[in-house]
Amino acid sequence: QDKVSVAAISGYFAQGFGVSIVNGLNKAKDEFGIDLKLVDTGNRALDYEEQFENLAKAKQYDLIFVMGWELVDSLQKVSKAYPDQRFVFIDGVLDNPNMIYANFAEEQGSFVAGALAGMIEAKGSEFPKIGDGMAIGFVGGRDIPVIRNFLGGYEQGAKYAAPDVKVNSVFAGTFDDPAKGSELAQALYGQGADIVYNVAGPTGEGVMQASAAVDKYSIGVDIDMCGTAPGNVLASMLKRGDIAVYTLIKDEVEGRKVAAGTRTFDLASGGVEVKVCDDIAPTIPADVTAKLDEIKKAILDGKIEIAKAK
Amino acid sequence: MSNASGSSTPHNAGNNAAGANVAGPDVAGMAVALTGITKRFGAFIANDGIDLAVRRGEIHAIIGENGAGKTTLMNILFGLLQPDEGSIRLNDEETVVADPAVAIKAGLGMVHQHFKLVPSLSVADNVFLGMEIRRHGLIDHAAQIARTRELSERFGLRVDPTERVGLLSVGIEQRIEILKVLVRGARTIILDEPTAVLTPQESRELFQTLRSFVADGMTVIFISHHLEEVMEVSDTVTVLRNGRRVATRPTVELSKDELVRMMVGREVSFDRRPREPQHGDVILEVEQLWARDDRRLPALRDVNFTIRSGEVVGIAGVAGNGQTELAEVLSGLRPASHGVARLKGRNLATFSPAEIREAGLAHVPGDRMVRGVDRNASIAANMLMGRQHRAPWSRGGVLNWNAIGQNASKLIKDFDIRAQGSGDAVKRLSGGNIQKVVLAREFTNGADFLLIDQPTRGVDIGAQEAIHDEIMRQRAAGRAILLISVQLDELAALADRILVMFNGRIMGEVAGDDADEDRIGMMMAGVAVPEFAAEPA
Amino acid sequence: MEILDKLVNVALIAATLRTTAPILLVALGGSFTTKAGIFNIGLEGQMLAGAFFAVLGSIWTGSALLGVACGVAAALAFALVFAVLVVSFRANEVVVGLALNILAGGMTISLMKAIFGTRGSIVGQGIVGLPKVQLPGARDLLGSWASLISGFTPMVYVAFIAVPLLVLFYNRTRLGLYIRVVGEKPEAAEALGISITRVRYTASLLCGLLAGLAGAHLSLGYITMFTENMSSGRGFMAVAILIFSNGDPLKVLAGCLLFGFADAFSLRLQTFGYPSYLVLTVPYVVALTALFALSYRARPRIIMETLASMQKLLSVDKNPGPDGKHPS
Amino acid sequence: MNDRLRAVSGQIIAVAVALLMGAIIILMVGESPVRVFMTLLRGAFGDQAKIAGTLLQTTPILICGVAACVGLRGGMFNVGIEGQLFLGGFAAAWVGFAFPLPAGIHMLAALALAIVAGAAWVAIPAYFRARYNTNEVVSTILSNYVAVLLTSYFTIFLFKRPGGWSETPPILPTAYLPGIFDFSRLNGGLVIGLVLAIGAALVFRYTSWGYGVTMVGSAPKFAEYGGVNVKRQGFLVLLLSGAVGGLAGGVETLGVHHRFMEGFAPGFGFDGLIAALLANGSPVATIFTALFFGALRNGSLLLEVDTGASREIITVIQALIILSVSAQVLVRRRGDSQAGERRWKF
């Protein structure tokens, strides 16, 4: 076998985290000249198993990256039917010992994002564009466990760093309606929130644009969103799907066959990180930066326990 | 062509009329000349090489049986249909009438058999539809209203231009249709069965108006099934049969019998049917019946009558005076708000429509296309309605299409329905034959009470006779029959007694043998007629 | 009370106007087809195509206005196909409408892939959005209420101004009158030489025009991006409003405002901790309730009809007297 | 017969025209049409597993299509099949995981509740349609949104499987619909769909009740006059349509997924409606239109893996086919006047 060949299957290539995965795959393709196949599952549960079948039956892919919890059931079945096929399940850990897991600690990154937002909100009008609402906001896509996990970390972080700050959270019920995201964000801003964190894919783009429209702050997610509304995006909580797939493919290409087991992408490994936007960074007070570093360290040292959403 | 046409000429129409008046009936050439008009619908030939010449300033009647091709011919003349062969000359000019706009431009106007008014628009808007008066590009409603008022006064066609058409009676609707034609500057007016829905008084008014038109030098072409009125008002008659022109003759040269013979090709009798009084038990009793219409207003007010077996009771009246509601109450489709109707002693209010049918009702509905048939279904399926739960057509809820088809074929034969077979879709039949489908179904379901609403509306004379014969046979068989009709001659020919309805009330009763058109007409118009005074307006 | 204050305020009204605008635009578009007697369930697709091509045009030309023009052109193309099939070929309106919705969904995604190599959304990439309109002097005059009339993107104004214009259009212009006539009584139109085909084509295209504007508003005004399926059911919502308003501009406005308000209000309700999925049903439940309540007892209509038929009774009573003045 | 032959050949020509247009589009995105169509064919019918997969895709479209046909027959436009399917799916799953019952009975109970849920969901629109003539298209469209959100709420807030995705706990095997082959998920649902389609056709054609309902749909005033209780039958028909829609959801959960997943089957309701409309409301013809859609869909799944074309291309081609076939229907009824026909009778 000379050329490494990988496939990736998901219904979310269009949205934040999925985009970062596609970026990673494309980077690997460009650098290593691998064969790459992307399969979009769409959103009908009936299709998934057939799509896995179609991929696995050819036996041509060294690795098949799988992203999305709704695929789990089909994935388990197909991996049983094709025990030799190596699947990489992204963003979670299942009970299947034959599988490779790339697990992300989004709650850690969200905790840091929440801490940052909380501390800045607590500054009140000392900080440009911040009012005295003592509230920050969160806009989720659909109200599903992964998104709840983000929210949980965010809330805990905010409470940890600034106990007086309230977190208002809302869900759009869809990842596809940026207009609704914009309205939701404006409702939150209207109710006194000054910083809104979005975990809502394209719906979240509406949140970022709303922050520019009312001149408040937003926090991006998954990929670097600082460019969408310069001056109004405080930071981006990066969930580095690109790093995950890239490193795995790199191992494979360099002859280290990726074996079953769990790989964790967290603060420690750089799999999640909070990137304060370059245009904002200079204005962040020193005490905030210092406290943030402290918190990160505490998380790395395991001193801060972050509860995961069920 | 003397009249300017198009958008700005309601005034001119009047002026020309005044000018032409001086010229009198002295006309040069023909207003309309059709030569060799042929129109085919698939294999069917509706018009077969018809020549028709209409002199300027005459009233020209066109008569013929149902399906003879009268409407088709007029539609071709007016540009609604294109002839397959033949040519049209309007005012001595060869014209290709590609669409109605061409006809209108040439001074033609048509009042259709079914009125084409928009219910939600005002009278004035309807009159000016298609040639609106505009200022700064916007429709000038005030000017349209003013002009409509002016015009309606000049021609004695009284209407209130601001009213919504949906609220008006058919008589007024017809005036609006005529105004529409006039406002377009028409000099030749075509009317398709204009009197079918009018009271005798309204018809008389209409004819007066038409005469004043020809006196003004205009030309009138009208289609009618009423031979009396043809005799009365027309100058010339053209008879069509089976898509061909049989004759065109001055009216004065013709008698009614001759007309009928030319139309149907045989003798037809219209006289009162001889019969013996053989009334039996009371079948239907109606006592102090009140009911509301769809708008929840009283539509029936204190209606009382009884019908015995072997008796034909007629209901006369202008459409819309409660006849529909009466029929609906009696067939269980509408609840009575007060009073009772008993069928063979049992109160109808306690039954569903289906149960009433079981108890012995047959119903020939007035609007046969809507209530009487499913146009898209086969004849067999149409003849099943109302008996789909009965043997032999169904057993245990399962239909026996064999029996249903055989029954339908038999009825097609018995009632002389012109169709290919029982599988034919009803919509392929002509109006008269559709009516026969309904009659066949209703007359054969063994009911003691027949509720017959407008059995011959729009049906030609030949078929009328057959239908009348059938009704008399049912009477002889001991059925109790309630016959609702707007045609007085029909009632006079068939009914033992005639009740006249106006505004939901029975205005009076007349014995069938001495039905006097004027008296009944007065009652139909709501004028209480004392027994002896019969003073027509 | 504090909760109520937080819920009902100027911002809520402004939000209502914003959420109403796109639905209003597309519903007013549908008003043309509804009035012309065509049931257009394809509004969703026209809107989506409009949104996509508006973004495309904006990127290519660097001008928001030309972007809007591109969006409108695309929606018009869809409207034309709709008209050809439904009017000329007399296809079933529901089938064609639904199929065009499917087509718009598949086409925008395919084109996005082909042109941008991505799936999902187009953000940035040089999209030029429509500017916000700040009415001069509004703030001085109205203070905090200024946000009710100032600071929206142009299409919001277009949507609301279109309502009285449409009322005028239907009542005072020839084309508007013809559209109504063709919808209500086509045989009347035909008999007067008004071309039903022409009027229905025109109505379809006018519908496409406004649906295109609605789409362009979504992707260049409301926000500045395109994402697959971003019309998110607004077209269907408009269809629902159209059926129960019968296309009357004022009733359409009322329906859209009701829905827009319920939407904006429910978004705010969420911040008080009600479960999102239940709160998200609020606009639909409100619309359903309104629909059922209206039909349960259409009181105003019954009163009007009763009055009208009283009049009719009276006119029948006095009318038959044959005392008319005859000419000559 | 001749008419029918013309109609069928017309449909075939229409499909051919659509495929030709599709081929052009495929060429434009840089793929080989031959290869794409061959792959489609292989993906739909390539081997027994593919055929089974196609039938699996056909099943929900067919059942939803029958639901639509039932409504259309009685003159009711049920655009809410989607919502009924979701509620039916959830209801079946709920019985499946929450109430242990003996095998067989469990499955029947779950299907029964799915049917009840679908019917109940359409009951209010149906009631208002029958009683107050409230437009059922509007009310059923709107209730779709509510139904989908509601099932999401149930799934995530009330019955979420602990630790898992947004889905209910798995249902017990006693409630599974029996499979047909061991190599495919194809299950008794297909049989249910076929029986429903043929059964509906027979009932409409050969029973007194079906005759009455048909008349209510095609000529309501005539039916009323003939003694059919139009309001009651209209209500019943819409209820039945909803019941079948609910059953479609139950079949999906019990036959395929064995749990209810939030947002698991978007669009089947509309696919079914289109299949039924293209079949002109005939349940038997719907079998074929549904099969056609199922084959396209299953084929397109392979397409994405084996060629560079995306599934959206198939969506586009499918839309083109629907459009050209819909126009074809019309060639048969071209007439002189546009005025005569009522455009829509909602």
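Order as written gives the chain letters A, B, C and D; numbering starts at 1 within each chain.
What we mean here is this: a contact is a pair of C-beta atoms (placed from the backbone, for glycine too) under 8 Å apart; a residue touches a chain by one contact, two chains touch by 3 or more.
Protein identities per chain, from UniProt: B = Heme ABC transporter ATP-binding protein; C, D = ABC transporter permease.
Owing to the predicted nature of the structure, the values given are computational and were not obtained by experimental measurement.
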Among the remaining chains, which ones contact both chain A and chain B? C, D
Report the chain whose CA-based centre is farthest from the CA-based centre of chain B. A
Applying the contact rule given earlier, which two chains have the most C-beta pairs between them? C-D
Taking each chain's centre as the mean of its CA atoms, chain B sits from chain C at a distance in Å of 43
Round to the nearest whole Å and give the separation of the Cα centres of chain B and chain D. 46
Which integer distance in Å separates the CA centroid of chain A from that of chain C? 37
Multi-chain contact residues (two or more partners), chain D: 149, 152, 156, 310, 337
Two or more other chains touching the same residue: where does that happen in chain B? 80
Mind pulling the chain A residues that touch 2 or more other chains? 40, 143, 173
Can you give me every chain pair that touches, using the contact definition above? A-C, A-D, B-C, B-D, C-D
For the complex, give me every residue of chain D touching chain B. 205-209, 211-212, 215, 218-219, 221-229, 336-337
For the complex, which residues does chain B have touching chain C? 80, 99-101, 104, 110, 112, 114, 116-121, 125-126, 129-130, 132, 134, 137-139, 141, 153-156, 158, 164, 167-169, 171-172, 180, 199, 201-202, 204-205, 208-209, 212, 215-216, 293, 295-297, 320, 503, 525-527, 537
So, in the complex, the side of chain A touching chain D is made of residues 37, 39-40, 42-47, 49-51, 53-55, 58, 69-70, 72-73, 142-145, 173, 310
Which chain D residues qualify as touching chain A in the complex? 43, 49, 53, 56-57, 60, 149, 152, 156, 160, 162-167, 185, 252, 256-257, 259, 261-268, 297-298, 301-302, 304-306, 310-311
Using the touch definition up top, name the residues of chain C that touch chain D in the complex. 37-39, 81, 85, 87, 89-96, 98-100, 102-103, 105-107, 109-110, 113-114, 186-187, 189-190, 196-197, 233, 236, 239-240, 243-244, 275, 277-278, 280-281, 284-285, 287-288, 291-292, 295-296
